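The chains carry the letters A, B, C, D and E, assigned in the order they are written, with residues numbered from 1 in each.
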């Protein structure tokens, strides 16, 4: 029997109504597990955002504090929930993370049920549009990235495309969009339309053999870190590694991994504009150590700034207020454009509506809490196997 | 009977004079001297409560006693397989209390356990190899020797010991211990499960081995046969020495007969008349 | 054992007409024998024994002979391991209520034969019937439930169960062994009590009562043998097959247990046992069967079989009646070898 | 010389630093160069990227064999109109201002000449939407079957001006064969890779089986020993910049050392306390957890390549391979055969089996049980390290959890062969490797390990003691 | 970091649904291994099937009772399919077969070919299967603080789920207690020790083993349902790691004891959370980066687990004496 009160208004209760001025940022990060490589950049972004906010005077005049936990990956589902409990127990005003769709699926209900808004910086599953009024994301769904990648592939004149994709919610979802786009443009998909490999796969030789045997002009590789061995396996099987297409999960710097020239000419897409060198430098400084991979750093940063602004605008750092004001500060109702917390804070204080234009370059949140418009950056690998920004494609994110 | 000792003392240390504990013991320094051994498997539960035993060069010493008396435990503790809590154990003047079994083997002690005495997933030949582990060079010579005692082992040398019959296992166990040509041999019921002919054969072999200079301690439930070949015998009861004496004397001691030996043989013989 | 029997069977096998004997048909009417004992009197306890003795008196001492009232009949049972034939029994019968000893040199196939009869091993050929029921391809547990219980030569005790629990597992009736009935103690407590009583009585008899709450794994080698046998007796089997039950058992205790075996028969149990202790065989067996190299090579009254030169040669050995402490033994041995 | 060839050659010569594709070349070759400014009307541009103010209709004109068709005039009509000519790579692009339907047309004769199925295509552009802001039009699509939200072409019979000469090569030589043809091509290669993988697996399994065979312990941390080997080789080659061979030797030495240390501080005391193998197994689970995350702590969560380069492959009969793979396979075979000989031919090897059967009796036979077990741990962990190195090279990378993901396969291999038998582990591994690799010929790739495990179950149903296991007698 | 939140979070794990789910799974395993000696290395398979059975029928609109039954029926069918051919295998081989079978279930469940039914690797989202369960709750829609725990009453990781979960655990414990002390349990233990001996005493070993496999499997399936209710059904989250944890829990608590699995589960998760919370709080960012802290947490948990077994091999409640007779 529960001896105690039902405490929708209690101070110790969940982040529901009631005025609250301390903004506690909950962070759910992939610190361990197969996405651990995203950990550094996200932590860096978190630190950078918090220090930027606090340097500008904090939220509602108070410094932002953080409480973090490691969700690990979906293979450690127990860890997902216990991390959430750990963060929730500290009454966060707002939760940033988790990065991957599979983990979001495991945890979003517990968080949003407490009326605490959460924002994922990386969950791109197209099923998540309008998942919950309390669920936001700063990345566009995979349908967008998939379309752009598909168009890039078609434009390059690929005739027979093989897709090496790992069987994961994100992988297969993205694959489906890519396949649909390229097929519409008249490209044959010779491998991988149905076939996917296991995320824990370590031995790629038979997949490489199958891909080679299907005689593709180009191969789209949709995977996380499995890309490294996979590309080498493709190369040894005799597949042309200059005609590979990568996605957000694997478009990263391979200069330390492959011999120079291996990937030269291959392309990749990452949602969001490319993080500027300056921003990257700031992230590294904030993190205190070198960061290899900058994927979703900007998304993390913007997510936190948006939430802080929302609290500031609503005048209270509780979940419901933040949730109500998220769309507004992201510019859904128009307003003065501002590009940093400091600038936006000043605008807010002077009573203006604002439109935060952050590092990601996403548009205001739409009715499904997805960014209404977004950029997909297209990158091209140079002779050092480093992806170089080629161009970005901007556009409206379709609503469901 | 004069040779029998009085009832066991209550404390772990046997306070009786040595000559009473080890009745009929020859003169001189014993080869193996176990004094007041206290040992057990589980902490707090002692199985041996001050058992003592001596073995002199060239002797065959038999141990008999009811089931669960601690005979096997005594042998195991002599061989370092059961932890000795107190008391001490001296072999050829050296203290070997709680010495590791393989060290004892290199000191020339051989042991045939009562149960689980073969390597089931090894072939007979490999079992024999294990017996001669510390002297692999002598393998062929010794193997021929044991095959002369148990010809079946030679015939079946590639059969897995795990598929052998009970008696055949017993042969393997005995043969394995003989492989290393020990100077002290500890036998735990070597005749159990063997056919009468082989039982006799075993006992005779033990005598032969003994004649060749091996000192033997033998635990047996086939007590009559055993005591026939023993120089001396001990009766163990509840982890203590109950009686001791020359083999023949024990065989005829009415108390020993009624308590431990039974008189089935006589009865059957009487019936047969 | 009466004077008369031993006399009539000693010496060369006596050929008594066995014409009227048909396999599977009782030679004597059991009811008639039972009534021989005046009501309420202890004498009943020898009824089965006497009957068996009477019956077997007229049976030929030859391998594979038919017996008046067999409980187990085996035909043409063979079992080969690789190239070796471990068991090759043409015909074998066990007399109901009799105490039959199965002897033979090591590796003769006795244990294998037990395994085959009780379903623990499958023969290459052969058929056998227990109490008229065909047993080929019957699972061991069913064999046991039909009333044919065996023990193992290499003991099988349930190490991490107490001795008492080991015994209780031998009890044939226990409704609480059903999955759902187990949840309602009322349904089985009474039976349990009865079983415990019986088990304790047996343990008492086998000198294990002090150990009853200890784990069976802590028993000494001989005690395990005793437990194994006691457990088999829990179920009041029709036929109990004991595989060297007394190996490693203290002689004094062994002697007292022989009486117990004798008394078993009077409760209607048939006993088949393998044993290498000749005195024991002589003492309690009504009938002795000798196996060698998988075949049944001799059968008969104990006395006659034990004096069979072939048996002596292959099984008992030359030293059977010699004191091994004699130096003559050694000389003999040496002369044999040279 | 075609543009593709130019690109190809330049790449080889390494003349251009980066971004070498069509874009750069088009810049030089474009007929009309206009910066993509706020175009209101449709415009022909060298490359087009959609933005808030413009959409794109673009494509690449090539024939069925991917030969670009240069210099063909394309007409855009619809909401706005414009004309362009394909460049040397066949690329063309229109930037359009208005949303709406656009039709791209080329001369029918060109289409005929190059065997294209259609000469016109109609698409709908919507600046604001990702799927419609850019429409890629390809005339070399197979048949006029597909049609979706994107740009679909419809065949039409309009005439147009003829295009200037480019040779016609109309036959599609590289049409994807059916699955059947693929299987033929893949069979030997996958059999081969299955065997190689089986050998690697065998190397790990034999070590694991050795520990099982001696102590009865199924070690769940064996996978981490494999990972350790790979990671140590990574440290050697990539961090200390040693050549591979000394790095590998160092890794093996470290592997053996860890085996020795863990035996001394963990397993020996546990054995002394007579802790059961089930409990020890839980300890291995704990150890595996600790080691995995220790690796992650030091090396991070990503996959590490032991060697950066991909060796040149060559053809042996129907199989493509490279020398490191062959050498690795050779080393694996030698190591496994060595261990089998050790087990069956040497005194110590026999002793390991004796210890596994009955440690007390082994001691009673004069075997120094502790020493035997120590040696077994060292050999087992050293072999795991060796396999980690070979695996890391063969699989092109090793990460903190590589070993853990292979653990199940090791167990399967060991069980399949028969627990505790040396050659069983090898045969089991080969079967698992081959089945896992070959099964993707017939079943979806993500289920291929299921088939290997199914084989295991089926074999165990037929031979409950594994392939080489021997049945014990009852009674 | 204040000690209070560390303690709160740590103790929160004590009553978490996940803890209960693992306890149920471990109770099932206890029947398999602790009582019968069946080395079931595929308990996660039962859990996954339970979760699938429940979630799929729920998403198809079945009522709660039907769904739970479906989960149980699936577990029973699986146990039969698995058991009939394999129960005669030796323990180590059985371990392998169950491990493989559970992996096969997971691999098939997550394969793209099964997307229609199981959702493939994405699994089944909570909104598709948790609503009916949450609606059943008699508690008011709100959140409640009890002592220092605050959870929502009905939704997701809620009090309602906690109550149901622990009631289930209690029922399972009571059933086990009865079974352990009954002749049925004795036969199972006999089978654990030596099945041939039990056979020779006329008990149908296969039937008993099958009963044990089924009962333990049903507990596993129920555990699976509880496991997915606060999150979602994702095949990968019920992989072999879950089985290993269940084993760890069982042996930590003490096999063949009634409360062992429950205590073990509480201990493991409390330990895990405590270590990680402490690390998060106690190690300054400057020493090692925050994501290394998390790995270090796992390292410590691993080492702690080893130490627990090394220093208390019989488990918290186990009997030291039993260890002396390892089979």
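The rule is simple: a residue touches a chain if its C-beta (ideal position, glycine included) is under 8 Å from a C-beta of that chain, and two chains touch if they have at least 3 such contacts.
Values in this document were obtained by computation on a predicted structure and should not be read as measured data.
Across A-D and C-D, it is A-D that has more C-beta pairs touching.
The most centrally placed chain, judged by C-alpha centroids, is E.
With chains reduced to the mean position of their C-alpha atoms, the one farthest from chain C is A.
Chain B and chain E, compared by their mean Cα positions, are separated by 51 Å. Our note on geometry: chain A versus chain C, Cα centroid distance of 78 Å, whole angstroms.
Between the CA-based centres of chain A and chain E the separation comes to 32 Å, rounded to the whole angstrom. The residues of chain B that reach two or more other chains are 41-42, 163, listed in rising order.
Multi-chain contact residues of chain E (touching two or more other chains): 107, 110-113, 196, 292, 295, 297-298, 321, 324. Counting partners per residue, chain D has 293, 296, 444, 446, 449, 473-475 as the residues that reach two or more other chains. Those residues of chain D that touch chain B in the shared complex are 347, 350-351, 353-354, 356-358, 360-369, 420, 470, 472-473.
Taken in their complex, chain C has these residues touching chain B: 1, 6, 81, 104-112, 153-155, 207, 211, 218-224, 226, 243-244, 247-255, 258, 276-280, 282-283, 303, 314-320, 323-325, 329-330, 333. Residue ranges of chain C in contact with chain D, taken from their complex: 111, 114-115, 120-121, 152-154, 243. On chain D, the positions that touch chain E within their shared complex are 218, 220, 266, 269-270, 273-283, 285-294, 296-297, 408, 411-412, 415, 419, 444, 446-447, 449-450, 453-454, 456-457, 460-461, 464-466, 474-475.
Considering their complex, residues 175, 178-179, 182-187, 189-190, 192-194, 196-205, 211, 215, 321-322, 324-325, 327 of chain E touch chain C.
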